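Two complexes follow with subunit A in common, the first pairing it with subunit B and the second with subunit C.
Our next item is the complex of A and B:
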């Protein structure tokens, strides 16, 4: 009798434990993979820690050879184009999400100097600024100037990608007028500038 | 005779009782484990935490025709348990790139959790060793990809930051 009672209790415990396990499994797999209810800006279906997308950014800021203009009557703009692309995307819902891309100068500070610069490689204190546009050709104007907008800590908003293969072709514009009146001996040399592209999945 | 019979019965009961107790213990332990009472320690993704391999796979289909420019991986989220000393996060340099990466993992407040050595194209790791543990919570984090030319000076190039949500359970 005693043994029978113990067996009965054991079976009851076993069945209770199995019930708890099956409920927990349903909660974890059918309702919320992480057992959490908060919804954040992430892609459902991607395993945490996996690569969710790949964007392609330009390697360098290269205006080539710059010239001191003969006068300051014009900006003597020198333009180079650049391309940013959503090369691969996995699982994004384009109806509600995008890959937001921001850009800033590597030394820009939201509370201080926010401009884009190229600096003399031998003497970094000699530097000149340039503008960034999210357009090319005839569409390069104040309304498409990236750095005319407000800058955030992560940079100026550049574009939002919703689909794989989306691209943004833009323009970097250097106003050579900045060089007018400068002594070539003082400013001659190679110049470099570095942009930082910040990307993240954001709800729209 | 009667005594032998009683002894046998007694032995049988003992065996049954012991078996039942074992069943109870196993059942309770299983229920507690699967309900999350014992938070499982994170297992290394590919054997060794922090090991950089030459055949890093971003796990996402790479372009069939390599594009000009630098490919930068981005993330949705990552998860770990409070007190963990590593994070499962696939950090690497896509094989079609022509530049090197110095990758680091940072929080929005500037805390640096990991810094890599130079990652050449095709190199990366899937589990990142952390310089400090984190408390439970949700953090804004980012992988900073500092891009450099593959020359002797590692000449700096444009760089990128990939932001994501870090969930600490």
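Our next item is the complex of A and C:
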């Protein structure tokens, strides 16, 4: 009787331990010290050599403190970088395929407003837009502006990854000029928005 | 009566662990092909006007800088794990303090 009891408890502990391991493996965002969100996709196929990949995107991109500019003569841009990485790619033929990554604002609509916004957490009607670039530094210009391209239902095309380890370092640019003339008391506070990423295997 | 309760609790936690393990594995496999990144900023009240020097693009801040972000979903999982482990400990302690005459 006692032996049965001990065996029962041991099985319960074993099942719990298996569960803990599984949850820990899934919580990759907490293990990664850079605070990244892993976008995981598995394309299941019956043929050998099925493609699987993991794209890593950042959890949070922080513009920091935004300021009302003294005039509207300049954009008073504030930039912050972000990194998207093809953490794992398996079974992909880089000669004919790529992992395409798209991005859009969480509320963007291909038939309506397509801009990227951050909104006041206290009053969502107060919002300001920012631009997304697929480059950094001196390469930030209209030709590398993601949201200058056509937007699809999946979002704006950001980049295509062909090899494991490929990265894209881009820039988010906030034009503080749009704060000019605003009443600080009305717009002060915390702002938040979401960039939604979508990935898919596409032929090139 | 006590043995029935203990057996029931053990079976419950075993089934719960099995269910959550399966659910986690299935969720991982069906995590889909999308995700989101939060973009945040802050406007301080009564902020000073930026100087002309800040008209130039400010120094970039890498998204890699900063502490790991723990989502609400992760905290919920931790709470469930803590609950299950606590339950196991309760069962073990009750068995240790069981009436010796009934062994």
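Note that the second predicted complex is superposed on the first by the 152 of 204 C-alpha atoms of A that agree within 3 Å, B and C clash if a C-alpha of one lies under 4 Å from a C-alpha of the other, contacts with A are read in each partner's own complex, and residues count from 1 in each chain.
Heads up, the rule we're going with is that contacts are C-beta pairs under 8 Å (C-beta built on N, C-alpha and C of every residue); 3 or more make two chains touch, one makes a residue touch a chain.
Please read these numbers as outputs of a predicted model, since none were measured by experiment.
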- prompt: For A:198, is the partner it touches subunit B (first), subunit C (second), both, or none of the two (neither)?
  reply: both
Message: Just checking: does A:78 make contact with subunit B only, subunit C only, both, or neither of them? Give me first, second, both or neither.
response: second
- prompt: Counting only touches as set out at the top, which of subunit B and subunit C does A:50 meet: first, second, both, neither?
  reply: first
- request: Examine A:87 and indicate which partner it touches, taking first as subunit B and second as subunit C; both and neither are also allowed.
  value: first
- prompt: Just subunit B (first), just subunit C (second), both, or neither: which does A:150 touch?
  reply: neither
Message: Let me test your reading of the model: by the given contact rule, A:111 touches which partner, first (subunit B), second (subunit C), both or neither?
response: neither
Message: As a test of reading the superposition: which chain, subunit B or subunit C, is in touch with more residues of subunit A?
response: C
Message: Contacts for A:185 in the overlay, against subunit B (first) and subunit C (second): which applies, first, second, both or neither?
response: second
Message: If we overlay the two complexes on their shared chain A, which of subunit B and subunit C does A:58 touch? Say first, second, both or neither.
response: both
Task: Please identify the positions on subunit A that touch both subunit B and subunit C, taking each partner from its own complex.
output: 2, 9, 13, 16, 18, 20, 25, 34-35, 38, 40-42, 55, 57-61, 83, 106, 192, 194-200
Field: Residues on subunit A engaged by subunit B in the complex (per definition of touch)
entry: 2-3, 6-7, 9-10, 13-14, 16-18, 20-21, 24-25, 34-36, 38, 40-43, 46, 48-61, 83-85, 87-88, 90-91, 99, 106, 154, 192, 194-201
Field: Parts of subunit C lying in touch with subunit A, wherever the complex brings them together
entry: 3, 6-7, 10-11, 13-14, 17-18, 20-21, 24-25, 27-29, 31-50, 54-55, 57-58, 60-64, 66-71, 74, 77, 81, 84-85, 88, 91-92, 95, 103
Task: Note which residues of subunit B are touching subunit A in the complex, please.
output: 12-13, 16-17, 20-21, 23-24, 27-28, 30-31, 34-36, 58-63, 67-79, 87-90, 94, 98-99, 126, 138, 142, 147, 156-165, 167, 169
Field: Residues of subunit A defined as touching subunit C within the complex
entry: 1-2, 5, 8-9, 11-13, 15-16, 18-20, 22-23, 25-27, 29-35, 37-42, 55, 57-70, 74, 76-83, 106, 116, 118, 130, 136, 171-174, 176, 179, 184-185, 187-200
